[in-house]
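Below are two complexes that have chain A in common, paired first with chain B and then with chain C.
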Partner chain A sequence: MTGIQTEEKLSIGGIKFTENIALLSITEPIDKADTAPLFFRFLSENEINIFMLSRVMDEQAIRTDCSISEDDLDNIYKLIFSSPELKERLKVLHGLGAISIYPHKTRMKLLGKILFAFGNRKIPVYNMTSSISSFTFLTDCNRLNKAAEALEENFRLPENHAPFQKLFCIKHVHKQG
Partner chain B sequence: METVAVYWEPTIKTYGFNEITDMSLVRMASDNLEKIGSLIDELDSVKNQFALLWNQNDSQHDIKSICLGVSGQNRRHAVALLKQKCLSKNIDFIDEIYPAGIVYFHGPHYGDRYGIAETVFKTLNGKVKIIAAGFSGAAVYLVFPGGDVKTAIALLSQTFETPDSEH
Partner chain C sequence: MSDDKLILVVDDDPDLVESVSLKLESENFKVQKAYDGVEAWEKIKAEKPDLVVLDVMMPRKNGYELCDELKADDNYKDITVILLTAVADAVTSTSYTHMDGKTTMADDFVPKPIDLDNLMEIVKENLNFS
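Our next item is the complex of A and B:
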């Protein structure tokens, strides 16, 4: 029985966690969409890397969801308190983590089954994007292991899979002089 | 032991700009991932591919809608089936933007450096209509009305260094 279930599972190459992420969301009217560009400039000037970003326009508004490391939140709060417009338009959600699944090979079936697995296990998803080879989903940091369990129930992972957590990260360091 | 790596260059390099044209961008309103997932799973019967995925949230950070880019030779069939499945699963099909196109690119250490988003939006804002954008890891995806893809690539090529640039 277990063997048949294993054969029915789609195979994926791997899962990766990225922890301690904050989601910053800006909603602005289409005719006055000047907040997000200013915000991007602030991030750049303060050497803050964007982990994940989605920006979608509809009839009334442009919604920008931007994920950064929680280590950079102090700078963000300083910015929010200095700008009444940002205070009104920028919402912050912290304590999040990302789970990336690769490779997707543009398979509809894989995408459908991932969404189903998360929905079925009531894993909250705050943001999702696809890239050239992977899907990334933002959830609560303390639910990352549950999300991985939901995937392991439905997909076949390589036997020698690396740990899901990142073992190191690369960070830009500003050089003095 | 701590290892620190530094990567930076003033003119941002890319490995070149890629495009997908003849794409439909569809939006479905639902916060029920189980239902949406089952719908997308069933689209597999058309043997078509998705070009991109992302979501729109409401002000409380809950999912309001799912956006899916559908391209490939069975695009029309896939979108028709998707509309039909939305009806049968009681999912609100919001709209289809067609023709839409994607410009996507990546470059050295995009996932580890800052300044990409600012440069992209400063280059394109006010010159072409960006319907949607998605940055994840080392990749940048930008969605335009179909006819604007070439214009966007021409603008981005003036700012970003591509393998063909003469410097």
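Our next item is the complex of A and C:
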């Protein structure tokens, strides 16, 4: 048996998917870390939302990861082609999705058990974040269902919990003219 | 005074449910949470709330449908319903909201993004606290 025993199962309120996410990674030398600030100015000027952001630094380099909607990738590619430096420093990983588990109620044990469940099913986690209510993990979009199965196997969900897919999305659209 | 009032918060955004719940709890309201219209109905039947803070756009059963069903049911029509709507322009009065030509009864509405203080004022007003 790979799942957690029934008596040890923690209860969660629900699971939610967000599909079509791209992860952008900028790696730059620590003594010339000027790409990320310019890149984020571009995101801001183009009103591109960032779902997750992380920044890791060691003695040689700074790596900045951020995730955005794949719908915004055309703009990013245009920028990459206009900047040789960015082309060299920016990596794009697309075809990703996020799975959110809520509520966490600040239970760090829940985080450990989620990672255990994903690890057992060999589900990659490219990035993770927490919010006021949820833990969210970035993985391959085509593995979201597998990730949900792993959670259903290891956690107690409400009998009639909400479907995973988000059915509505509101997007701000600028009107022409 | 608010200790005996039960409020159900319904939205498919867990972060919004949590932040609204925390604010209501800080004002000593009792709070139940639901993440879609179907779950909300189950919670309402299990324990009738005094007021429902209800998102409009949700999976399975949206806020308009749930509001209609509540207001059409003699057992539940007295529950105060406050709609959370990102389409505030479509709301023409505090008694009726309109969407695609459809009229839905609600007691009040709060536009998204939500101002928690404003929401709290509207909740208290509708519960005759202010």
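By our rule, the second predicted complex is superposed on the first by the 167 of 177 C-alpha atoms of A that agree within 3 Å, B and C clash if a C-alpha of one lies under 4 Å from a C-alpha of the other, contacts with A are read in each partner's own complex, and residues count from 1 in each chain.
Keep this in mind: a contact is a pair of C-beta atoms (placed from the backbone, for glycine too) under 8 Å apart; a residue touches a chain by one contact, two chains touch by 3 or more.
Worth saying up front: this structure is predicted, and the values here are computed from it rather than measured.
Colleague: So, on chain A, is it clash or fit between chain B and chain C?
Modeller: With chain A as the common anchor, chain B and chain C both fit in the superposed model.
Colleague: Per the contact definition in the header, classify A:Ser134: touching chain B only (first), chain C only (second), both, or neither.
Modeller: In the superposition, A:Ser134 contacts both chain B and chain C.
Colleague: Which chain, chain B or chain C, ends up touching more residues of chain A in the combined arrangement?
Modeller: B
Colleague: Just chain B (first), just chain C (second), both, or neither: which does A:Asn160 touch?
Modeller: second
Colleague: Under the stated touch criterion, which partner chain does A:Arg55 make contact with: chain B (first), chain C (second), both, or neither?
Modeller: first
Colleague: Figure out whether A:Gly13 sits in contact with chain B (first) or chain C (second), or with both, or with neither.
Modeller: second
Colleague: For A:Ser100, decide between first (touching chain B), second (touching chain C), both and neither.
Modeller: Both partners.
Colleague: Check the residue A:Ala36 against both partner chains and state whether it touches chain B (first), chain C (second), both, or neither.
Modeller: In the superposition, A:Ala36 contacts chain B only.
Colleague: Once chain A of both complexes is superposed, is A:Phe118 in touch with chain B (first), chain C (second), both, or neither?
Modeller: first
Colleague: Once you lay one complex on the other using chain A, what is the shortest C-alpha distance from chain B to chain C, in Å?
Modeller: 5
Colleague: In the superposed view, which residues of chain A touch chain B and also chain C?
Modeller: Touching chain B and chain C on chain A: residues 100, 131-132, 134, 168, 170.
Colleague: Can you name the residues of chain A that touch chain B in the complex?
Modeller: Touching chain B: residues 23, 25, 27, 36-37, 40-41, 43-44, 47-58, 63, 65-66, 91, 93, 100, 106-109, 111-120, 125-132, 134-136, 168-173, 175 of chain A.
Colleague: In the complex formed with chain A, which residues of chain C make contact?
Modeller: 12, 14-15, 17-19, 22, 33, 35-36, 38-39, 42, 57-60, 86
Colleague: For chain B, which residues count as touching chain A in their complex?
Modeller: Residues 3-8, 32-44, 46, 48-57, 59, 61, 63, 67, 78, 104, 106, 109, 111-119, 121-122, 125, 129-139, 141.
Colleague: Where on chain A does chain C make contact in their complex?
Modeller: 13-14, 16, 100, 102-103, 131-134, 158, 160-163, 165-168, 170
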